[in-house]
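Chain IDs A, B, C and D follow the sequence of writing; residue 1 opens each chain.
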Amino acid sequence: MHVQPFLRMDNIRKRFGSVIASAGATIEVEEGEIYALLGENGAGKSVLMNILCGILTPDEGEIVFRGAPLRLGSPEQAVRHRIGMVHQHFMLVPSLTVTENYMLGQGSPLRLLSRMRAVSSRISELSDRYGLDVRPDSVVRNLSVGEQQRVEILKVLYHGIDLLILDEPTAVLTPQETDRLLDLLRGLVKEGKTVIFISHKLDEVMRVSDRVSVMRDGRVVFTTKTSETDPRELARMMVGRDVLMDLPRTAAQPGRVVLAVTNLHCNNELGLPAVRDISLEVRQGEIVGIAGVSGNGQSELALAMTGLVPTTAGSIKLNGEELRGLSPSAINRRPFAHVPEDRHKMGIVLPLPLTENVILQRYNQAPFSVRGLLDLNAIADHARDLVRRFKVKARDVDVLIHTLSGGNQQKLVVARELARRPDFLLINQLTRGIDIGAMEFVMQEVLKEREAGKAIMLISTELEELFAICDRILVIYEGRIIGEVPPDRSRLDELGLLMAGKRIDTAPAATLM
Amino acid sequence: MADINIPPPTNATSILAGASLRAGLSRLAKATAPPVVAVLLALLAGAVLLAVTGFYAFDIFTVMVNGVFQDVGSIAEMLLRATPLILIGIGLCVAFRCSIWNIGAEGQFYAGSCAATFCGVQFAGLPSWAHILLILVAGAAAGALWAAIAGLLKVLFNASEIVTTIMLNYIAIFMTSYLVTGPLMESGAAYPQSAKLLREVWLPRVVPSTRLHIGILIAVALAMIIYVFLFRSSAGYAVRIVGINSHAARYAGISVRRSILLAISISGSMAGLAGAMQIAGVTHRLYQDISPGYGFEAIAVALLANNNPVGAIFSGILFAVLDSGSELMQINAQVPQVLVFIIQGMVILSVVGFAALKFQSARPQE
Amino acid sequence: MDHILTLGFLATTLGATWRLATPIIFASVGEVISERAGVLNIGLEGTMLIGAFTGFATVYATGNLPLGFLAAGAAGALAGLLFAFFAITIKANQIIVGAALNLLGLGLTSFLFRTYLVQTGQGVQIVPAMDVPLLSQIPYFGTPLFRQNVVVYSTILVALGAYFLLFRTSFGLTLRAVGEHPKAVDVGGRSVALYRYAAVLIGCSLAGLGGAYLTLAHANQFVEGMTSGRGFIALAVVVFARWSPIGAFFVSLLFGMFYALQLQLQAEPSIHIPYQVLQAMPYLATIVALLLVRNRTDTPATLGVPYRKV
Amino acid sequence: MKKTAISRRSLLASALGLTLAGTIWSGLAHAQDFKMGLLVTGSVAEEGWNRIAYEALKRVEKELGAKISYVELQQNPASFEKAFRDYASQGYQVILGHGFEFQDSAQTVAEEYPDTVFLISSSNVHDGKVIGLNTDSSQPFYLMGAIAAKMGKAAGLIGGMEIPPIKEALEGFVNGAKDASADFKVSQVYLGNFTDATAAKEAAINMIHGGADFVVPDADAAGLGTIQAVREAGPEISTFSIFSDQTEIAPKNILGTYIADYGQGVVRIVKGIKEGTVPTSNVDFGLKDTDVVKFSYNDKAAHPVSEDVRKYVEDVRAKIIAGEIKTRHRQ
């Protein structure tokens, strides 16, 4: 259209060892538009944007910005060209104040910090102008995730950026906070700024962007005006085939109560209340979803149920037996399985082989341990069995698990947990960070378990995942269950309000149970 | 700390099978190449230092190696030196695998020596074998307890074991000094040393007309047992999981505290046992400076073996060769014996350098 | 026994405390800077020995005291460079590299001392004591406390300077951020490795100066292994002081007092405690101190953890 | 510095040349040579204890034409036996273990090598050809104690470690002081090592503040810290130079020098052995051995020892030699 686009990244290639992260991606961005970059995890969006903001240098390819070739050696140089990025994981130092964070890396290292006051008042001024409600002398550690994001965005504005890149900015936000963010982006564009918006959420892209490109396997496979496409087309482009948004399933036939949580309380690491008076039941043959924005007590709820953080009050009963107060190892011996939230942190042990990973909770139980000694043959047989049944792509069972892709790692974790033949399965984030093929596979396996009469609880921040397989969805907010919604996409607004802490008068929490 | 937790081959059966003999050998070669190169680099650095300061490095090393392997007697002396290094080293393998930085093996060695001496000079009249057993068990127990202090402080108060074990080293050394000038001092004599153990409780010797005692055999056997513990037992599995990822350990139902205490106590018991053997097998009495730094040297022994107890047998012997050799260098060429510290330091640096580089190149990229 | 309770005894104790604390202050303030940037260096003992030896050898050869301190600081920085290369560039385990540095420090200084500086007989002329005007006139306390050499006084400047550097300059702000959230600094356009190198080099050169104090401003000789565990005490001081340079100054004084009292109480014929018990006191105190400092929120978040870019 | 460095290096080079010619490990014994070996714990480079033995060895080489060799061992009892055996098996006729800690190992190895004489420093052992050679430092320290008590108000003693040679010396000082003046106060500090010169200096400063006007170290290399403290304290504080002549370091403060010419003693004993006379008991060098134990005055001190006091000292010296005064082991 234009002879000279605002920004052109041409045939960008970048590889890390044997992994090709960017395989000749090309994009063009117009001045004053919101440009969305859509793609699955690992499609190469973040790598491309990290190149644009100077964190990574491309192996090949050219960037032309405002008509001149752009060669960046550091993010600082990007800022000098008025390009700035808000990262998915915030780049704020928790122990410092907002002002100190803004001053970080600015100017000569030998300069004194006497300018602090001037910086503070400039922050207040900008905060008022954009309505971001950022207080310059707050210590970042004490801010909520949403507040921290506003601090990040304001930091970019403070540095006088013309091209703003946001990497998955809505992942940690409530629907209402998301709305507010999208409004802000529209306002920035009106001021003449340009926005690149990375996401894998179709609806946001549809709502806010002017144009959209889809990335897959390190390449841009599709670019269009947003007004000329629809979510289904974008989704197809993302995965290379139609998404099975709705998995075939029969209506739930809940049986007896398997797991009952009553009036449960527990604290977080800092000793503050994290789970407040939660009561819920999970029956045979149903999948109960727990929806909520990250950080509302879901993690602590899951850890409390498995004995990993101490509870302060309440009860957790499995098949009528009290679990509260039992050690994690005692709970492991009950028919209670747990797919943890962060597999790298908890679910698997990266530098060990598959064999040693499949016995994680059963390392001291028969048949894997006989009189205190490990039976290597039994362990290897078990690992091979799981690999075969769950179609885990691994050369052998004695390869180290960190050589597997995220999807295959998650398959192995789910396989391991299901192999324990639990009555109750607690899943915290089933499909986080895995490819769409693995995603479908594990969702189907979980549904199969439901058909087999297992009681399943799925904690997720991905509403799509919850809608796809849950039978009912409870919403957690600030440590409380504040409502229940059926898995019906038409009730999305209602769900969003609940996730933002707005109770619905017609369905008060007290009557939910 | 993943750089020290590269596991050994788990599929032992496949190595034994004839078909994969070649694969096993190449795996063995891959495992042993870095430490071998590390040692060569360290010796090279030592040689450069010698050359710069005006010595004939090559001749000195030749004399050293020839001397150490001159005859049965000198080999036995070398193995005698290797015994405490192997014992302490295999204990440190367990602690390091659990990511516990036990810098206190030196103090645990002293604690073991003191307890062994106490039991050695007391309880006269016990049958010889029972008395020897008592001495060794007392040494191991004292070492374990001394280490467990640091372990308890870690699990109860989250006190860094690095600092506490270093402090406990000093305390153990002062305690020994007090004992040999006070309660354990040989009565009627003026020297700061304990009474001499009776010949009945000396460790039996394995090579006639040398001082090499059964400690070396016990050390090798214990190395095998510790290997089985670490890689073939469920408790050892728990220790390793705690060392790599304590969150995963808790998720697996492993008691992190118990594993830490177990690992550091095993580590301490090996150092204590080494101290007891030094008393019952070599010096036969307690002195103020009973260890010339075995506890620190053994850190290098464990590291060079990649925290594999079977490997520690070989690295322990290697360091004993260096030690014995450095004495020969001193006798024959007046090379200051402290050169051996420099070589040890260089070995450690080369080993961790290799491990870190290997880990970096093996790391998957996103 | 009575005279233990006198002002004179107290004044003597305080003077000795400051002098004995001086090398520990240098080393621990240096370590605070290093650990604030996320680098744990347990090789202080070896670094101090290197400083002590280099300073001594330089002054022995040239007779120039300032040059001796300069050389000691530079030698400490060189040791720091070696540490930093392994711990930061190669990303090896910092504890192990530190242990190696201790071995190298002891080995190298002893080797070179035995090879080159056999007979140093009279030693070197040390930094002379000087009176602080007015303060040295205070009855009882004036002479013991305010007739020290300039290196002892300089510990105040070292602690204040480190405080100023860490909390009042842009460099210090970034350095602290490197210890807390290195990625943020990296993305912000500053090199994490560079800041960590700088922190380690500053820390090690201070440790080197602390070592040089022993040979050039207190005793006038180099003795093999003369640091006698002061580098390890400094490590404990940092934890006790909660990573504050001012705190490190005062905690070092506390440990200096243990040393001083130990020597004084031994000399009291009326007190019958085995001297080994008195000598073990600073080490026992360190352990007790660790128990008192249980709240670990001050610990730099990435202490001991190498930074990997991707 | 240059001078010492060069001489040291040429010494090392010659030692290297000799040994690499293959005398020790080639197995070709020079059976006719008279050979003496020395074992020390620590470095002979440092001023002090180990250097005394090294110098003795050099004198044996020079005066008796012996072939010599020495080994610096770590403070590690486990390695002593091997070192003795290494020398004995190579036909060394005399081996000096420099410290009582060598006694046990020597006795063990002596059983296997009946022709070798094992001399043990600071030991009173006598077991066949294992012979203790002790310099009784309590005698010269007794004299120093007497001088201190006659001239000063109070004294402080700084010992390295609590081992017999040092304990005995300090006891001799205390006895000498008490005998001269019963109320004279002497305080003692042990450093617990021979390396912490800083602590040695602080201990001395403390004693001086506490009223001591005589501060005497017996702490090997660390003792230099004490001399430093005394010199800084000014001419009113006195000390003595121990084992070697350090008068140059503090000429105003050092009132006298105690030199143990251990080399002379060793040469005398080894000469006897070479000629076929092995001592029949342990050897205790004392003031009676005027060629070995020497005590002299420094007339250039700020307050040199007065004639009266010297007379008293000569008096007690004679009594010690005659065995009338017991300087140690009084309890």
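Here is the rule we go by: a contact is a pair of C-beta atoms (placed from the backbone, for glycine too) under 8 Å apart; a residue touches a chain by one contact, two chains touch by 3 or more.
Small disclaimer: the values here were computed from a predicted structure and weren't measured.
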| item | value |
| --- | --- |
| Neighbouring chains common to chain B and chain C, by label | A, D |
| Most remote chain, CA-based centroid, reference being chain A | D |
| Euclidean distance of C-alpha centroids - chain A vs chain D, Å | 75 |
| Geometric centre distance via CA averages, chain D-chain C, whole Å | 34 |
| Whole-Å separation of chain centres (CA-atom averages), chain A against chain B | 46 |
| Residues of chain B touching at least two other chains | 174, 177, 181, 336, 365-366 |
| Overlap residues in chain D, where contacts from two or more other chains coincide | 9, 12, 43, 45, 162, 192 |
| Junction residues of chain A, two or more chains touched | 16 |
| Chain-to-chain touches, reported pairwise for every pair that qualifies | A-B, A-C, B-C, B-D, C-D |
| Chain C-facing residues of chain B, complex | 1, 3-4, 49, 53, 101, 103, 153, 157-160, 162-164, 166-168, 170-171, 174-175, 177-178, 181-182, 296, 299-300, 303, 336, 338-346, 348-349, 352-353, 355-357, 360, 363, 365-366 |
| Interfacial residue positions of chain B with respect to chain A in the complex | 2, 5-7, 9-13, 228, 232-235, 237-238, 240-241, 244-245, 247-248, 250-255, 361, 364-366 |
| Chain C residues within the chain B interface of the complex | 42, 86, 90-93, 95-97, 99-104, 106-108, 110-112, 114-116, 224, 229, 232, 235-236, 239, 274, 276-277, 279-280, 283-284, 286-287, 290-291, 294, 296, 306, 308, 310 |
| Contact footprint of chain C on chain A as seen in their complex | 16, 54-55, 74-77, 79, 85, 87, 89-96, 100-101, 103-113 |
| Complex contacts: residues of chain C adjacent to chain D | 3, 8-9, 12, 15-16, 19-20, 23, 60-61, 110, 113-123, 126, 129, 144, 214, 218-221, 223-226, 228, 259-260, 263-264, 266-269, 275-276, 279 |
